[in-house]
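Across the two complexes that follow, chain A remains constant while its partner is chain B and subsequently chain C.
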Partner chain A sequence: MDFVLQQLLTGLSIGSILLLVALGLAIIYGTMGVINMAHGEFLMLGAYGAWALKAFFGLGLLESLVIIFIGVAALGYLVERGVIQFLYKRPLDTILATWGIGVILQQSARLLAGGELRYVEMPSILIGQVNIFGVSVAGYRVFIFAFVAAMFAITWFLFYRTSFGMKLRAVVQDQSMASCFGINAKRIYSLTFAYGAGLAGLAGALVAPLKSVSPEMGTTYVVDAFFVVVLGGAQSLFGTVASATLLGEMNGVLAYWYNDTIAKALVLLAIVVLIRFRPQGLFSTRIRS
Partner chain B sequence: MALPSKSGLPISRQTLIQLIVYGLVCLAIFIFPFILDNDFLLNRYARYLVLAMVAMALSLSWGYAGILNLGQAMAFGLGSYCMAMALKLRTVPVHTGAGGLPDFMVWNNVESLPWFWVPFYNMPFAIIAGIGVPVAVSFLLGWFMFKGRITGVYVAIITLAALVVANLLIIDAQSVTGGFNGITDLAQLELFGFTFDAYSKSTYFLVAGCLTVSLFVALMVTKSKAGLVLQAVRDHEDRVRFFGYDVASFKVLAFCVSAGIAGLAGMLYTVVLEFASPTFLDVSLSLSIVIWVAVGGRQSLLGAALGAILVAGTQSSLQENEFFLDTWMLIMGALFVLVVLFLPNGLASLVDIIGRALKRGRGPAQRSTSSPAQTSEPAEANVSKQGAE
Partner chain C sequence: MALKRRNFLKGSAALGAATGMGLPHIWMKNTALAQASNGEIKVGVLFSLTGTTGIIEESLNKATILAIEEINDNGGVNGMRINPIVEDPASDPATFAEKARKLVLGDKCVSVFGSYTSASRKAVLPVFEGRDNLYFYPTLYEGRECSKNVIYTGAVPNQQQDEFIPWLVEKFGKKFYLIGSNYIYPKEENNYCKKLLEELGAEVVNEEYVPLGHSEFSSVINKIQSTQPNVIFSTVVGDSVVALHRQYRAAGLDPEKMPMASLTTSENEVAAMGGEAAAGHFTSAPYFMVHQSPENEKFVEAYRSRWGGDKVTHFVSEPSYFQVYMFKQAVEKLAASDITPPNIREAIKDVELIAPQGRVLLERENLHTWLWPKIAMAKSDGQFEVLQESPEWIKPLPYAAYPDQLCAEDGLQQV
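Coming up: the complex of A and B.
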């Protein structure tokens, strides 16, 4: 029993990190149909932000989070204003343009912070182990789980309980009709993109203590995050949660039976098959296109 | 002005111009080694030509059929591994383990040659496999996707996932594929009693010949009826379907031809670089191919090929320069964003843009096509306008 629980918790931990990375991507893709290849680099910048704030200003990880969120969101806003807004009519080209932006950000990080690996300390209060039903789990992973749950709740509230969210949903449903009612769709898009980028920055800061920080770190996360988003279905926040949990658990369970590589390959194959039969994602809401 | 289409030739004026330009470029590629007599540099240029080939293959599926294949490197890598396996089995026994077993298998405690390595003793089989395996895999994947009417972003995601799977499996099966290290210490390719040394004119000409042939084969495909249907599919898939065409089969065809050319390019890559490695199937190479095609012009086979040569060439020459060592990636990224924003059809579309500007500059007489007074001029302007499109 302990063993099953252990596997479940490992899967949940992987899933919560996946969700953290994928949430921002899902919002951007779901709202604007933009596949943001620079998402991984926003994440990387968040991780470097955590490192730099500690190294130069002595700020701990938890205190840095707000600054990182604002900083990366501001950068996202600029990227949207500068490049993305011209490409809404050519959604496939956003893949290419954001990839170019990603290359620029990656190289800038390499130039400014150096190519060597950086390390971010875990907040000292979160280092210990937590006992859950007789299974001990790293405290930091529990923290990430709780943090992701909170971020998700905030995002949900923002989307479904505020006037900004209502406007956003209206724009997603029918942009020209929403514009006729006086909603500034451009502004909504910019702010949403910034919010998604900010979430990526937070994700980067939070995963930084688990692994080392390097300019290339974003690429590994972003590919997985894409699969989560596409599998979950656009426009569906809960779909993203479900698919992140599903993929996390699958990864955890399969990695126990086979090895990490085979587990990943099998998960990807499952994704390919799922997309083939449900391209709209597992959970999708109807929208007018 | 005499128009070839009126003089009874079976091809249009535009096709003729295209053929001439393609022919001239290929000729230039063949003349090049006589100007530059440096085997080291020739090896490098041969590498660019191989990359041009795989970019051209992507332009065939992306630019002409609208299939954004983010996993183009899969076909490329599979081809390269087929060639590497054949060449590994031809190395002199010193480089390999006991009984001719490849060295990395000995290190991985493999007792005997795996069954799927055995046929690669036969070079013609290896060459057929180098094209056939990528085509077969792409056929299955393409059939699986396009029969399900998967389009756009989802094709991109599925091909990307397939690429990552192939990459993971090759790295994981270390005992039979060499894992992270790939397959190294290869023999030189021998065909028809001729040895292709990677650092010599012979390999360069082999690559140039394959590029020329595949360029013209691809051009023929785009000019065939199937090619026209594919372009119609790209522009409006549903309408073509309503006309009764089996859209999925046409897409599978384009996907497979593209994979075949990429597989051939992969085999040549192994010959030129003298090894095969899992980096030939990694996501960054695959995305680079997309970049080259986008920069060169996705709707022009030659544009895509030249885009690859241009970007890959600039990249490695900038990397050697002290000043650009750190900044070339910034420049490439910025250039790329600019091309996507302002030249969605790549540098190849500059030719059209300049052509149109020149035509406009030739005076207002030709532009006022609505004027009935000018009888012959408007007709010609119309014809040449059609030619430009």
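Coming up: the complex of A and C.
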């Protein structure tokens, strides 16, 4: 029984990291239809932010989170104002443009911080194990899980219980009609993009203590994030949660039974098969387009 | 360019002279071996300065350049300067092959120092074998290669493991968990490790490989916790090694009871993962920066004063450094007109010198190097503590895991 529970928790932990990484992308892609190839680099900047705030200002990870969120969100805002707002009607061009921005950010990080691998110190209060029904789990993983649950709740509240969220949903459903009712669609888009970017920054900072920090780190995460979003269905927040959990559990169980190499291949195969029969993803909401 | 009458005549005269001597001359010129000329010896330096392995290879480039500068400042080789031609193959095997071709055919280098990864070495091999040139390779690697065109100065599996595995079994116990990145190097190291474990009556509780660049080790750690090995034998490389160590620590595993034993964790990897995550784990290698010897003190000081006071030396940069001196000793035996790659190969056999790690010798049979393996424990300050040095130097046996094969002077033999 312990064994089953342990695998379940491992899957949840992997899933929560996936959700953390994918949430920002899901929001930007789901609401604005922008395929943001620079998502991985926003994440990388968050991780470097955590490293730099520690190295130069002595700030611990937890104290840095707010600064990192605001910093990366501000950068996202500038990117949206400077580039993406001109490309909304040209989806292919946004892929190219955001990919280019990603390359620029990657190389800037390399030039400024150097190409060597970095690490981010784990907050000392989160080192240690937590006992959950007789299974010991790394405290930091539990923290990530709780943090992601909170981020998700805040995002849900923002989208479904605030006037900003209502405007956003109106713009997503029919931009021109929403504009007729006096909603400033441009402003809504900029803020949403900034929010998504900020979430990516937080994700980078939070995964950094478990993984390594390098200018290229974003590339692997952005691929994972796209799997989650595509499988979950683009317009559905809960679809993103369901698909992150599913992928996390699948990864955990298959890696335990076989190994990580086979798990990766089988998970990809499962995604391909699912997409074949449900191209819209697991969950989808109907919208006018 | 305008075709002037004078040039045209000169050109056709030269052509006439060439044809007068007959065709063989043209062919001979084409296959003529690279050799030293104009009082300088051209060598290639082929380490990536950019790309994924750029950081580590840059340190190999620096160690090589340092040795060349030291030799030139001390009068060169028999009065001739070594002229290094530096190329950046950008961590890409295809570019490695292209640049190697340029160095060997275009620049006519008599030898090239280069490569960190096995993939890049394999990529340049046809160039050096086709032109009978020499490639000096400083990295520890998986063995199972027998080329008369490569001088191997890094360790092969038997040199890193012969002392290490029995030591681990005696100190920690007989249950081993083998984890590696999914490519040729970890598989060959594990092949040899399993052979040693079998001889010692020890047990492999699991052997598994993760994809290169893998960073989610929670399932691996679950398996480690449920199989409870005494030692985790890790040949995970790159950023995965950082993730593995950090997640091992987050999961609350204890290095004193279940240490990771590695052949690839050097001062560089420790710096990347942070001393706390590395502390208490073991590495076996012929060289550590803290090794006590006058030669090493000199090397570390020279390296830091040339490249910066915070730079570290490690078990790949040290061979990058001493192999240039081996090259020098070999070339010193040759007359200036005899400095060709095949002659250098003959001259470098049995060359001996005192490297920072101790006295090393180039084995004539397989062109690998006799080395001094050491077992060390990582400490939280980012350096290692050497716990045990091999009492004698160890002969390189690139086919140690394959008893029916032997690398001899005239190539690979079946026995």
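We adopt the following convention: the second predicted complex is superposed on the first by the 289 of 289 C-alpha atoms of A that agree within 3 Å, B and C clash if a C-alpha of one lies under 4 Å from a C-alpha of the other, contacts with A are read in each partner's own complex, and residues count from 1 in each chain.
One rule holds for everything that comes next: a residue touches a chain if its C-beta (ideal position, glycine included) is under 8 Å from a C-beta of that chain, and two chains touch if they have at least 3 such contacts.
Predicted, not measured: the structure shown is a model, and the values here were computed from it.
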Which of chain B and chain C A:A97 touches, first, second, both or neither: first
Touching partner for A:V230 - first (chain B), second (chain C), both, neither: first
Which superposed partner A:L268 touches (first chain B, second chain C, both, neither): first
Partner chain in contact with A:N259 - chain B first, chain C second, else both or neither: both
Contacts of A:V171 with chain B and chain C, given as first, second, both or neither: neither
Touched partner set for A:A73, first chain B, second chain C, both or neither: neither
Chain B versus chain C as contact partner of A:E116, first or second or both or neither: second
First (chain B), second (chain C), both or neither touched by A:M250: neither
Contact residues common to both interfaces of chain A (with chain B and with chain C): 259, 261, 264
Residues of chain A touching chain C in the complex: 3, 6-7, 10, 13-14, 17, 114-119, 121-122, 127-129, 136, 138-141, 209-212, 214, 216-217, 220, 251-252, 255-256, 259-261, 263-264
Sites on chain C touched by chain A in the complex: 52, 54-55, 182, 208-211, 213-216, 218-220, 222-223, 226, 239, 242-243, 246-247, 249-252, 268, 271-274, 277
Touch list for chain A against partner chain B, complex: 35, 83, 86-87, 90-93, 95-97, 99-104, 106-108, 110-111, 219, 223, 226-227, 230, 259, 261-262, 264-265, 268-269, 271-272, 275-277, 279
Residues on chain B engaged by chain A in the complex (per definition of touch): 68, 144-145, 148, 150, 152-154, 156-158, 160-162, 164-165, 168-169, 171-172, 283-284, 287, 290-291, 294, 326-327, 329-330, 332-337, 340-341, 344
